[in-house]
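Chain lettering (A, B, C and D) follows the sequence in which the chains are written, and residue indices restart at 1 in each chain.
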Amino acid sequence: MALTRREFIKVTGLGLAASSLGMLGFGAAGVAQAAAVRPFKLTHATETRNTCTYCSVACGILIYSMGDRAKNARSNIIHIEGDPDHPVNRGTLCPKGTALLDVVHAPTRLKAPRYRPPGGTEFKEVSWDFALDRIAKLMKEDRDKHFIARNAAGTTVNRWTSTGMLAASASSNETAYLTWKVARSLGMVVFDNQARV
Amino acid sequence: MTNTWQDIKNANLVIVMGGNAAEAHPCGFKWVIEAKIENGAKLVVVDPRFTRTASVADYYAPIRPGTDIAFLSGVIRYLLEQDAIQHQYVRAYTNASLVVKEGFAFENGLFSGYNEETHSYDRSSWDYELDEQGFAKSDDSWQHPRCVINLLRQHVSRYTPETVSRICGTPQDKFLHICGLIAATAAPDKAMTSLFALGWTQHSVGSQNIRTMAMIQLLLGNIGVAGGGMNALRGHSNIQGLTDVGLLSNLMPGYLNLPLDKETSLDEYMKTKQYKPLRPGQTSYWQNYRKFVVSLQKAIYGDAATQDNNWAYDWLPKLDVPMYDIIRAFEMMNNGQLTGYICQGFNPLQAFPDRGKIRRGLSKLKFLVTMDPLDTETSRFWQDFGPQNPARSAEIQTEVFQLPTTCFAEENGSLVNSARWLQWHWKAAEAPGEAMSDIWIMSGIFHRLRELYRKEGGAFPDPILNLTWKYTDPVEPDPEELAREMNGRALADLTDPATGAVLTKAGTLLDGFAQLRDDGTTASGCWIFSGSFTEKGNQMARRDATDPREQGIAPNWAWAWPANRRILYNRASADQDGKAWNPAKPIIEWNGSRWEGIDVPDYGPTVKPSDGVGPFIMNAEGMGRLFARDLMADGPFPEHYEPLESPVENVLHPKVRSNPVARVFASDRAAFGTPQHYPYVATTYRLTEHFHFWTKHALINAILQPEEFVEIGEVLAKEKGIEQGGWVKVSSKRGEVVCKAYVTKRIKPLLVDGKPTHVIGVPLHWGFTGQARKGYGANTLTPSVGDANTQTPEFKAFLVNVEKTGAPAA
Amino acid sequence: MTRPNNAITRYTAANRVNHWITALCFVLLTLSGLAMFHPMLFFLSGLFGGGQWMRAAHPWIGIVLMASYLGLIIQFWRENLVNRDDVAWMKSIRYVAVNDEEHVPPVGRNNAGQKMVFWSMTLLVPALFFSGLLIWEVYFGAATSIPVQRVAVLVHSLAAIAAILVWVVHVYAAIWIRHSVRAMTQGYVTPGWAWRHHRKWLWELASEQHDKAPPRKHP
Amino acid sequence: MSDLQSQDYVRRSASTLTPPSVRSHEDEVAKLIDVSRCIGCKACQSACMEWNDLRPEVGHFEGSYENPADLGPSVWTLMKFAEHENEQGNLEWLIRKDGCMHCEDPGCLKACPAPGAIVQYANGIVDFISDKCIGCGYCVKGCPFNIPRISKQDHKSYKCTLCSDRVSVGLEPACVKACPTGAIMFGSKTDMKHQAAERIEDLKSRGFDQAGLYDPPEVGGTHVMYVLHHADKPSLYSGLPDKPRISPVVGAWKGFIKPLAVAGIALAAVGAFFHWITAGPNEVTEEDEAEGERVLREADAHEPEKSP
């Protein structure tokens, strides 16, 4: 097939509708392809290289999104498949990796901060400022109250044991590093990740 | 992993034990298939269940959960008996010849130095006998009764095939067949690779499980060579990175330890770190420890870290206990010792042992913050979801913040894979709604706190106020900037101490950790990542897949720590003269003046073979350790201990049944069941269709495995009248799960100490949020027990009962 | 409706309505069935608004046909019971074929040919109906196994072909025997028609006039 | 018509047209499924759903790893699992990816009554063209492998397209690309047979004496082939037909009966016509009328009171 319909139109500069093209007997290939085979959906999608978020085989993936990143277009991910160049997965993906699209677009993806007051039975949406201000306040209250500057023996220990944190195991090294800096600067020691589970 | 994923294809024998590579890491497992097809390799699987890995294996043997050490010790005994070890390698590269101190002993299941009150060992006797210069004594003739190889021989002598079979339930003929296959790889040009994962780690003897196989690999000369190694198939996409960057209670970036209470000053701290060589002329690379620590402090506190304030040593929190790991955290929570808890991309209600305890703990918090792209169970622990989460909202006083974050497709950054590769990824789209990156959220919390401390003062604000935050966009620092900070840069012109010539100009990004200094002239946030983002650009974003000799190295694809080295201990791939053990697959070889090959040498590049420097340069003796010295909490040699919940006595030493130093809190011990009430051995695992508790949110995966079930052998099912696909109630002392039964031929009763023992398989993927059907979660059943060294929960062997039941009301 | 004075009622209004419902269904089913049977005839699907509509309509029309034909069975089964005259009629079929009815023994209300049409349809319509149900994908696609459906589809098409052949004979006979069509459209025949084709029936009618409704009553 | 030329159709259902045959040199494609490398991970299923935008309902656990429970209008491929104990008493878990075999002689296409609803391209792919499908379900009956399924929503038949949209732009099908262990391969049929031969040799060396290729000649070979360790007993693999063939019932129906019946009907009509021409209509004569009237009159005479 020398030309797709789209290219044919581009090349000849004719703004003909598909049906008239067919009637004129032109560009049969493209017309027939559209008529029979499902149109290839990635023709002009934007391709972004990424790494699968699940296990640490760390398969290379190609994320295809709609929109060419023009100002007025909001990119929407339409398909994800394996990166054939990647030396480990060589384009393959497991059943989780092939379904990454469904986790990106999961109906249970969170879209706004939510808050549940003590004894509450429902979440309610709140602003980021409300959430972060309140969290910072609660943290400071607890830190100021329970921070251990010296242990019983009088040694400087500067630790905070009464608020803990679990760090994400799928976040980037850069996120991890920033998180480490913040947590340790606060003196936090109840600090762990998913390495064991 | 010591080796790369692709390197697996160079193996002659692949043993999958303590893992289920085909299901948990299908795309990595392709290299096993490749080894079979291209290299004629055999695949051996040892697992309680006939898994999907077993379905493509050349040989499969069943084993009772929690008895791997007995099996592997039996293999060591077989290798030593048959003299099927790679002698040259063992003599030159392991501590087989070194002489152990007098006073070291092993009797009735306990090593010397046990303290019954503290449930711990005084490990001072677990070391080498030193000579006058402080070097370990050696007996190359292996005549000395206390040289390591002889102690080992003696230690494993009890693990005869009969005993192994009695403990593990593995038929003797199958055990011996596998021993034979393993022994064949003792040939210098043959390699076995060991692929394992949580099937080994999630035991009260997890670390020792792995150690036992590592010892086998050392005896066979399979460490450091192509197609060999100990390959831990890590779980999450960046769990390696999180560990590398030190997001564990006792770590700092680059495997530096967080100080302990007793280490009152930097010098005191350094005393136990900068290991002196234990053999003449050894590298003992940790001697550079101080450089890494000082550079880290400079990265974090910048100008505020000075020689005068000991590089802000006091600003680091000190530990009073070895670890504030998750089991301890939830124990503290249950005891009312925790006020707040932040779960960043983490779902402990599903992931941690003894779900009831987790729920009770969270209910006692004042506040809980979750940061996740998905609606996790943890963030809704307070909500009533019926029997799967019977919470009484009104009684729970915890304030809960559910913060929406971006996911992988919506951010830039690097991840470290199992083979230690740092790979950069790019953002493809904006996050939905108001979701924000973790970097933005952590910055937001930090800035607010800093502002509060600035305004109001409060407990020890110094480290908070002085934390470096010189980012172009302080609200949401660019990942590239953070990556550069971790890589490190020169803070002043770095000069050659001998000539005074400027080697590196101030402000330049470092090429590697060899440039780090302990005088405050360099900063590096994570020394092992040094070299990942240099003046040449982002090395993690490299995409040259060229693979010399197609040996599975691909040295220019992304970047691997340390120093872009792809195969750890690769010096051991060559003999004492620097020639490859396997001439067909050399990694590095001595060319007369330097080490050359397809990988970066894990060794001084110009250190002559004749210098006798051992290949294991991080170890003080430069050797691989068949005897672990005092570095393991539960013994320098591995020993079989029963799981904390076990159906049988320990046939080796009935008085010491399970690991004497395993992590068990008193309240958790009270929640252990006995075989009388809970007669069956259960083990938890993942299915290939799901990834933990995430993919149940993805519709396709929910379709592929929609509903919770347990796997039960046909014999037990018949005994209990359980039908295929029928409903069962599985209970442990801690809780019960009502789900469907998969009656299968793939689990057969094992003959353990003369008694048939049934194993029940409990996949762990279902919860009460997402697209799949609601489930109770395997952790409803599991005990809160930690491995003696890492505190990893014992998910892989515990006791349950199972009964037929009716369908629950819809 | 105009009709001659000497008209004899052959089919009542109920008879005719029932027949033509059946006939209409049969034609529609034949058209749609043949369209699905042979690609040469697929163009007929156009009559039904395309293949999908045709496929959807065919079984429903089939149900109407079955119900309708049941009505015909109820109304006509008695007069189609076979008797000795039918044998005689069949023996002289060659005279029938050449319109030489003087050499054909007299027959009653229906001759053997008509009875054969009736009874073959009585056999074929239910066969078509039940085999049709088995291959009615929308509702019964999963009710039986595929091998059973394969047999059903074979039975359905063989029965349909047989039915169409019978129908061809039926229709041609109606055209050939002049004024038969009128019997089924307007309901009456002339005494001459009855005399020529169904003499015994005419005699019966004549003799029955003692106790029954006169044959010339308005149908 | 343009369909026929451009797409290099070699077969077209219910077609009265002869597909153009001069372009006879196109390489046939094939998918090779090596069950001995398959780990049953369902990446193929997942990739198929993702690429083709299919999402069947979330089902239930049904007593095995097979999910969804069956192929369906939105389940075009399905892993089937069989726990088999061999003669040595060892367990073998025989896992097979089920789906359209893309027969060289496709039973579905033979059975299909809708012109152009099922086509076979010169590269061997058998494809369903939805807008022409009438939903009759004949393809279901025609298929020797029990593959096509009719949708309850739109009453059209669906099955694996071998990702004809990907293949037409030079890519491999989605399942092939995803397969982590390379158990699914794609290429020219010649290459795939060659690859299969190598695999069979390896399997034989590992003790599977009966290893072989499943490319059943009864349907003219298939464009989806299996390497089986037990090629002597394909039915061990969750009922893969030992000798698949288009059912003789369907063969009869779509074979000789079709022309015979049409000819028969036409003949009957023509026969009738000639009868009309030769014997002519059977008219009632004046004499008949007179005789008829006479009979009635005589009857009337017996009952004069009833006469009008």
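The rule we apply is simple: a residue touches a chain if its C-beta (ideal position, glycine included) is under 8 Å from a C-beta of that chain, and two chains touch if they have at least 3 such contacts.
All values derive from a computational prediction rather than experimental measurement.
Enquirer: Most remote chain relative to subunit B, going by C-alpha centroids?
Expert: Greatest centre separation from subunit B goes to chain C.
Enquirer: Roughly how far is subunit B from subunit D, centre to centre by C-alpha average, rounded to an integer in Å?
Expert: About 51 Å, centre to centre.
Enquirer: Using the average of all C-alpha atoms in each chain as its centre, how far is it in Å between subunit A and subunit C?
Expert: So the centre of subunit A lies 70 Å away from the centre of subunit C.
Enquirer: Averaged over CA atoms, how far is the centre of subunit A from the centre of subunit D? Could you give it in whole Å?
Expert: 41
Enquirer: Between subunit A and subunit B, tell me the centre distance in angstrom, where each centre is the average of that chain's C-alpha atoms.
Expert: 26
Enquirer: For subunit B, write out the residues touching at least two other chains, lowest number first.
Expert: Residue numbers touching two or more other chains: 26-27, 30, 688-689, 699-701, 704, 771.
Enquirer: Which subunit D residues reach two or more other chains?
Expert: If we look for residues of subunit D contacting two or more partner chains, we find 41-43, 45-46, 49-50, 180, 182.
Enquirer: Once you've mapped the touching chain pairs, tell me: line, ring, star, complete or other?
Expert: The chain contacts form none of line, ring, star or complete graph.
Enquirer: Please give the residue numbers of subunit B that touch subunit D in the complex, ascending.
Expert: Going through subunit B, the ones touching subunit D are 22-23, 26-27, 29-30, 33-34, 36-37, 50, 52-56, 58, 60, 687-689, 699-709, 724-725, 739-740, 742-746, 771-773.
Enquirer: Name, in rising order, each residue of subunit A that touches subunit D in their complex.
Expert: Where subunit A meets subunit D, its residues are 1, 22, 25, 28-29, 31-33, 35-41, 79-82, 84, 89, 91-99, 101-102.
Enquirer: In the complex of these two chains, what residues of subunit D are touching subunit A?
Expert: Result: residues 2-3, 5-7, 41-43, 45-47, 49-51, 119, 127, 129, 161, 164-166, 168-169, 174, 177-180, 182 of subunit D touch subunit A.
Enquirer: What part of subunit D is in contact with subunit B in the complex they form?
Expert: Answer in residue numbers: 36-43, 45-46, 49-50, 55-65, 67-68, 83, 85, 90-93, 95, 180-183, 199, 202, 206.
Enquirer: Spell out the residues on subunit C that touch subunit D in their complex, using ranges where they run on.
Expert: 6, 8, 35-42, 45, 50-52, 54-56, 97-99, 101, 135, 137-138, 141, 146-147, 149-151, 153-154, 157-158, 161, 164-165, 168-169, 172, 175-179, 190-197, 202-203, 205-207, 209-210, 214-216
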